[in-house]
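Order of writing sets the labels: A, B, C, D and E. Residues in every chain begin at 1.
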Amino acid sequence: MKELIAKAKELLMNKEVDLLIGYQSAGEKKAKPLLIKNPDDADKLVFNEYCLSNLVTYLNRPDIKALSKVAVVAKGCDIRAIVVLLSENQLVREKIFIIGMTCDHVMSPDGTEENIKCSYCKVRNPHLADVVIGAPIDERISKETVVRHEDIEEFNKKTKEEKWNFWKEELSQCIRCYACRQVCPLCYCERCIVDFNNPQWIDTRSNPRGNFAWNIVRALHLSGRCIDCGECERVCPANIPLMLLNRSLQEEAKDKFDWEAGFDPEAQPPLTTFRKEDDEEFIR
Amino acid sequence: MSENVYKPFLMEIVDIKEEAPNTKTFKLNFKKPEEAKKFSFKAGQFGLYSAFGSGESTFCIASSPTRKDYIECTFRIAGRVTTQLANMNIGDTLGFRGPYGNSFPIEEKFYGKNITFVAGGIGLPPVRCLIWNTLDLRDKFKDVNIVYGARTYQDLVYKNELNEWEKREDVNLITTVDPGGEKPENGCTVDWKGHVGFVPTVLEESNIKGGKDSVAIVCGPPIMIKFTLAILEKMGFSPENIYTTLENKMKCGIGKCGRCNVGNFYVCKHGPVINLADLSKLPQEY
Amino acid sequence: MARIGVFVCWCGSNIAETVNVSKASEISGNIPGVVYSVDYKYMCSDPGQTLLKNAIKEHNLTGAVVASCSPRMHEKTFRKAAKDAGMNPYMLEMANIREQCSWVHDNKDEGTDKTIDLIRMMVEKVKRNHPLEDIKIPVTKKALVIGGGVAGIQAALDIAAGGVPVVLVERESSIGGKMAALDETFPTLDCSQCILTPKMVEVSQDPLIEIMSFSEIEKVEGYVGNFKATIRKKARYVDTDLCTGCGTCWLKCPVKVTSEFEQGLGKRKAIYIPFPQAIPSRPRIDPENCLKLTKDRCGICQKVCPTKAINYDDVDRLVEVEVGAIVVTTGYKIMPVSEFPEYGGGRYKDVVTALQFERMVCASGPTLGELQRPSDGKLPETVVFVKCVGSRDPEHHHSYCSKICCMYVAKQTMLYRHKVHNGNCYVFYIDVRSNGKNYEEFVRRAQEKEGAQYIRGRVSQVYKDGEDLVVEGADTLTNSQVKIKCDLVVLATAMEAPDGIKELAQKLGISYDQNGFLTEAHPKLKPIESSTAGVFLAGCALSPRDIPDSVSEASGAAAKVLGLLSKDEMHKDGVVAFVNEATCVACQNCIRVCPFVAIQLKDICNRKGEVLRQVADVNPGLCVGCGTCTPSCPSRSIELKGFTDAELFAEINALAEL
Amino acid sequence: MAEQYIDYDKAKEMLGNLTKNSEIEVFGPVKKGNDTFISKLNQNSELSFDYFITVNSIKEALLPRFEPILKYRINHNGVTLEDLPPVKPLVVFGGRPCDASSLPLMKKLFNWDFKDEFYLERLKKVIIITIACDEMDENCFCTSVGGSPRNETGSDVLLERVCSTGWKAKAISEKGKNFLKENSNFFNAKLTPEKGYPKIAEKDIPVVFDSKKIKTWIENNFESPLWEEFGANCLSCAACTFVCPTCHCFDITDDASMWKGVRTKNWDACTLPYFTKHASGHNPRSQSYQRYRQRISHKYSYYIDLFGQVSCTGCGRCSRVCEAGVNILDILKRIDKEATKGGK
Amino acid sequence: MSENWEPKIVTFVCNWCTYAGADLAGTSRFKYSPNIRIIKTPCSGRIDPMFIVAAFEKGADAVLISGCHPGDCHYNEGNYNARRKFIMMRRLLSELGIDNERVIFAWCSASEGIKFARLVNEVSEKIKELGPFDEYHNLDQEER
C-alpha cells in the first residue's frame, strides 16, 4: 500500500498524469473506485482483496479520454481489458500509466468466498504494466491451460427445455438499467446498438422479448472479446448470471479459434479474421 | 378509466409541400369533425405528431391560431419518425396530440409594439405561426420586421409566403443566404435579390430599431441565436423583450417523462416560449 | 413520399399457372404506400416495359416492385426502364415469383399467398430504399509493371501497344529475369536469349515505356485508377544518362567477384553489367566490393570513363509516379542446393541446381558452353538428374509442384546428350507431368530418342566415393535399390516465392498464400486479378508457371489494364458501404474484415487542424459492396447502401402475422 | 376491533389465495440469491419475509417497467385506435415505509395538470401493505427527509413485527380497513408479541442533513466543481433510478408490425447517456456528472419548486445498488456541510 | 397447434451462390415446400446473427442461412467471416436453450439447385415436427 501511495503521489506531483484511478475503502471489507487529481488525496488509496471493480472501464469515459495522461491501478485481470482496448484502437498506450498490482484473488463483499473468476486466473502477476506493485505470486494456471469452467459444465447438463426456462425466468427480471453495459470496460460504443432505432434492432421495453434480444446482442458483441472480469454480473441489480453466457462463448472462442482475449494487443481479434479450416461441421 | 392523455387525435394529411431539401409541410385535418370544433391553440404551442409504427416527434404548430379547422406542421427529416412521416401521402393518417406548452404573450406584451422576427433555416416554422397571427391582426402592432436567412436559397422554407410577405407594404422582410448560397452550383435556381451574409450581420446592418417599444422573436440554430442575442441587445432590445422557443428533447409533452427540464423549467409545461431575461436565470443545460 | 407501383407478371403461364396474379395484384394494391398495382402478361416485353414507364410517369411513382422472374434475369432490364422513365433505378426491386415460387410450387393458393408475401417484402424494402448514384472514378492513364522478367516485359509491351504509358520497375540492374539465364527452352529447343533479347530491346526503345532498373517499390498509396507509387531508385554510382555503355570501366576494373547471374559459376567485376545483352546496358558499381567505395582506393573506373558518368557519391533517390493500374510480375527464386545436404548440396561442388546447369551448358555461360563439372572442370560422363527436390515434399519442404521441372529436366538431358553424345544420363522422378502443347512428345523424345534413362523413385542420398559421386535411391518400378556412380548431380530444386514479396504485397494491399505466392481474386474467374481493384498479377508471382503461361497471363493482365484505362472515368454501381461518422468509434473491425482493403481510418480534425478522433472511411472506388463490414460493426456505424439494416429489417418485418 | 395479527404462514396463504384471482395483480417479496425483490407473484413464487429491505422498490407495481398507452391497427385506409385493457386492482405486500411514502409524492406529478390515468388509476385500485422497519443499515436516512421506520404515509395497512414470524396489522386508510375486514380470516393469527421487537426506533436513524439547506445550496451552486467530484465515480447506468421509489422518468416507444402496433411507456433514466441527446447529436447533459447533478437537483430542488416536497424517501436503495460507489447520503451530508460552512 | 398451421421459415441467402442455386431449383422445376421466404443479401458476410433474432421476433419458426461454399465466395472471404459469427451465435443460442434445429446453416452453390430444394424440404419437415416456435413468439408481451 505504501508503495502504491508513494507511486501515486509521485505521478500526480510530477504532473506525469492528470488523473489517477484507484481504489478507496468503502467500509469494512468493501472498496470502491477513487478518481483523484490531487496528490494529497493519494493517502486515501487502498489495495486489498475487496478491490473488485475493474477500473479500466473509466478509461473509456469521454471526459477521461480527453485528458493527456491517466494512471490506473489494475490487476492482471483488469489489464486484459486494456489489452483488448488497445487492440481495438480505443486507447493510446502512451496516454495511460498502468500501475499493475499482483493479486492472488479477490473476495466478494460478504468476505468469505473467493471470486469465481479468480480460480481461472492466469495473470496473478500483471502483464503490460508500467510498474508492478506487490510481491510476485505463483501462477496457479499456466497460459497454455485450456480452462473448463465448472459453472458452464454444470449448466450444460441441463436439457434444452431446462435451459430455456432458466433463461426465460432470469431474463424476464432484467430491468434494462444497462448497468452491465456501462460497467463493461469493453462496451465503449458512442451509440449502443440498443439506442439505434432505424431500424429498432432491440426492443427497448424490458419485456422478455426485448430482454432476450438485448442480452443476446450483448453476449455476441462480447464474444471473442470478453476478458472474464465478471463486472456485468457483479453490478446486475437483478442478479442475473450473465457470465454464464460470456464464459461459454469464451470457451467456444478457445475451442474453435484457439483464442483468449486480453493477452496480446497485436493479435487480430477472432471475429475479425478467420481460418480456412475453421469448424463447419454444423453447416450442411 | 377517464381520458387517456397519451391518445392522439387522428389527422388526415390534406396537403404536402416540399419546402426545402428533406423539409416538408403537412396540412392536417381532424378526422373527426367534433374534435376539430373543440380544438384551439395559441401561437407558440407545440404538439406531438405520431407516425404510427415509428413513434412520436415534437414540432410546433406552424399555422396561425387565427386560421381554424386545420393545423400545419413543418419538419425536417432527422430520425425514424420524421423519415416515416416523410414517406406519407396525401390522404394518409397520422396522430397529433396537443396543443401543449405556453404561448407568446401577444395581447399582454406584443400589442402596440414593433415586432421583429429573426429566424434561421428550419427556425422559421416555430415563428411562422406567430407571423401569421400578427399579420392577421396587423393593426394591433406597429412595424413588423422579418429577418430570415438560410444556408442556401434551397434551404429557405415557405418560399411562397416569403414572396407574399415581400409584396406586402406593411411588412419589412429581409431575406438572406449564407455566402455562396446564392450560387447556382449550390442549388440556387433564381436570380437572388436578397442579401448575402449571416443573419446576425444582416440584422445589425438593417434599419430595424430596438427600444422599449420593440419586441424580437428569435428562432434558429443555437449558433445563430447566440450571435443574434448579442446584436439585439446592442440594438437596444431589452432582455424581457427578446423571445425564443426552446427545443429540448421531449417524449410526453405533458410534464411527466422528466426529459425536457432545464433546471426547474419544464420546457413542455413552462415553455417552450421564454424571454431572454428568464432564460438567463436557468442553468446552461439546453 | 412513398408512391409505389406493383407490377405482377404472368410470364405467360409460367407464373399465372401457379399464382393467381390478379388477386396478387389486387391485394398488393392495399399495402400502405402502394398507389398503383397491375398484372400483365409479359412485363419484360416492350409493351410491358412501356406499361412500367407510363405508370411511373402517370402516377408519379417513387418506387416500383416488379414481381416476375429472378432479378438475375431482368433486374437490369427493369431498372433501365425505370431510369428511362425518370425514376432512380435503385428504387425498383424485383420480387422473384417465378424461379422461387411458381416453378417450385404446385398449389395455387400457396403460390398466391407466397407471392403476396414476396411482393409485400419488396414493397417494404423499396419504401426504405434510397436513390443511389453510380460511382464515377477518374483514372490516371498510366500503368506500373513491377518486375522485369519475361512476364513484365510482355505486359509492358502489350500495354504500351495499347497507347498507355508504362513504368517498368526492375529490382536488378537489368531486365530479363530468369529467362535471360536459360540456355534453350522447351519444347522447341530454341535459344532463350534469341527470343528474349529482341523483346528486351523493344522495351527499351518503346517511347511509352520507362524502365526503372535497379529500383524497388517503396510505397503505394491510392486506389484503382489513382495509385501513387513511390519508387526507390537505388544508388548505382553510374549516371545512366551520361553513360553510353561503352564497357571501358568494367574492362578496367581490377576487382573480380562471383557472378550472381552465372549462379556462382563465373566471375564479374565490381563495376559490371550482369550479362552482355543487359538492358539498360548501363553498369552499376557493387559497393560491397568496389575498392573506392570500401577502402577509398583505386577509382580507376572514374578515371577511364569517357563521359564522366561515375559518381561515387550517388545515393538512393525516391521517385513518385501516378498510375491507374499495376501489374505485379515479380517471378520466383529457386531453392539453393545448400538446402539439401542429404543430396550433397553445399558439400559437393558437383551437386548443382538446374539453373546452374543451364549456365554450364549455355554458349554465353562462364565456360562458353563447354560442359565442365565445377569441381575439376572434367567433362561429366554420367549425370544424374533428381526431380521434385523440395517440391511435393510436404514433410520437409513444399507441398506444391513446381510445375516446370519435368519439362526442363527432359530438356537438360537432351542438352547434355547433345554435348556428350555417349554420356549417360539418369533421371529420378516421382512421375512425369507433361501437360502442355507438344510437351508429352518432347519428354518421350528425351526418353526414347535421346537416351535419358528415367528411374521412378526418390533419391535417398548422395555421397562421394573417391572422385565420383554416388546417387543412392529406390526404383519403385522394379522395387529395387539403385546406386549410380556419376560425375555430376543436377537437382531440380523447387521454385519459391522471391524475397521481399510479402513486404511488396503488404504495400499493395494484396494477399499472399502460405507459400508466399500472391493470391488471385478468384481461382477460376479472376485468375490474374488481385483482391485489390486495379492490381493485376501474372507469371510466377502467383505460383510456378512456364514461359508460355507467364507470357499469356502477362498479355491478359495487359488487356485488363487497357480495359480499365480505356475510359476517362470508371463507373461502378452505387452499392457501397458508408460510415456514420457521428457514431463510429474507429474500433477497426470493418477495416479488419474488409477483403478489399476499401476502408481506412480517417482523422476528424477541428478547425485548427488538431485531430479530435478517428473514424472509418470507405473508399467507394475500392468497395465492392459485399457488406461484410456491416455485421462486424457493433454500433452499426457502417452500412451498405442498397442493403441497409432498415431495408433488410423491413423485409423481415413484412413477414409478421397479419 | 380487536388487534389483528398475521404470521408468515397466513401471509403466504393469503398472498397465494390472492394470486389465484387473475383479475388482480399481486406483488410480494421473493428471494433471489442473497437478495429479496418485490416481484409480481404467481402460483409458483417462493415468498420470503426475512429480509432487511428489497433491492427494488414497490414502484414497479404502480409504474410498470413497460406499459401500453395506445394500441392501433394500420390498414390501407388509415389507422384505427383500439381500446386498452382496464387497469387491474393490485395488492402490494412487503414494501417499507420508505416505499409507501413515495406514492403521494408521485401522485403529485402524475396529477400535475394533465392527468396520467394509468398511474392514478392504479393508485386508486392498489392496496399497499407495508411492513414497518425493524432493521437499518448505514444507507438509511428516511428521518432526514421526513420519514421514519414506522411512517404510515402512503400505506393502506401497516404491519409491525412482533415476533420472529409475524406482525401486528394496522389499517391506515379506508381501503386498508376494508382489506383487513375482507381478509380477516388471515389476520387472525394467535401471536404473542415477543420482547425486543421492534428492533429499531426512530432515534436509531438520526437526522443527518437539512433538506432546506440542501435546496438552497443546489440553487446557488449549479456550477460548483463539487458536482464533478460527486459524480466522479458514476458510470451512467440506470440502476439507481430504476430501484428508486420516486424516480419516474420514462420513454415512449412504438413497436409495430406492418399492420398493428402498440405504443408503450417504458422506464427511462436521466443518468443514461442518451436520455437528453438530440437527433442533431447535441446533448445538453453529455457528461456523467451533469446527469448525476440532474438526478440530485431534481429530487432536492426542482421537485420542491414544483410540488413543495423533496422527491426522496431516504430508502438508500440507490447507494446499495451502486457498485461504482456513488453514495447519495455521503453527498447530501457533504452538501449540508458545505451549505453550513457557506452560511447560506 | 392449429390444424392448418404451416411453418414460417425465413431464409437469408447470398446473391451469388445460394440465390442462384434457388433460381436453378426453379428453372429445373424441383418442387419444394412453400414455407420459406427468401431474403437476399449480397454475401453471407452481410448476414448479421441478429437477423436470426429479428426473424424469430417477427414470427419465424426457423431460420435458414445459406451462402457460398468455402473458397467459392464471390468476395473471397465473406463466408469465412460469416462462419465465425455463426459459430458463436450457434453456441449462444444453444446456451439459451434454443433448439439448434431451428437455426440451420448450409452452403449451397449456384449449381446445387437440387440441394437447395432438398434442404428446404428437410427443414420444413423438421419444423413441422417441432411445431411452431411459440416459446420465442410468446416472449413478446405487450403488458407485464
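Simple rule for what comes next: contacts are C-beta pairs under 8 Å (C-beta built on N, C-alpha and C of every residue); 3 or more make two chains touch, one makes a residue touch a chain.
Just so you know, these numbers come straight off a predicted model, no measurement behind them.
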Comparison of A-E and A-B by number of C-beta pairs in contact, larger one: A-E
Of all other chains, the one whose Cα centre sits farthest from chain C: D
Most distant chain from chain E by Cα centroid: B
Distance from the mean Cα position of chain D to that of chain C, given in whole angstrom: 68
Centre-of-Cα separation between chain E and chain C, whole angstrom: 36
Chain B and chain E, separation of their C-alpha mean positions in angstrom: 50
Separation of chain A from chain D, taking each centre as the mean of its C-alpha atoms, in whole Å: 31
Chain D, residues touching no fewer than two other chains: 65-66, 74, 251, 253, 257-258, 264
Where chain B touches two or more other chains, by residue: 55, 79, 92
Chain A, residues touching no fewer than two other chains: 191-192, 198, 200-201, 203, 207, 271-273
Pairs of chains satisfying the touch condition: A-B, A-C, A-D, A-E, B-C, B-D, C-D, C-E, D-E
Chain A partner contacts - residues on chain B that touch it in the complex: 55, 79-80, 83
Parts of chain C lying in touch with chain A, wherever the complex brings them together: 582-589, 592-593, 601, 614, 632, 634-637, 645-646, 649-650, 653
Chain B residues touching chain C - in the complex, by the definition given at the top: 16, 86-89, 92
Chain B-touching residues of chain A, taken from the complex the two chains share: 197-198, 200
Interfacial residue positions of chain E with respect to chain A in the complex: 49-50, 53-54, 57, 70-71, 77, 80-81, 83-92, 94-100, 104-107, 119, 135-136, 139-142, 144
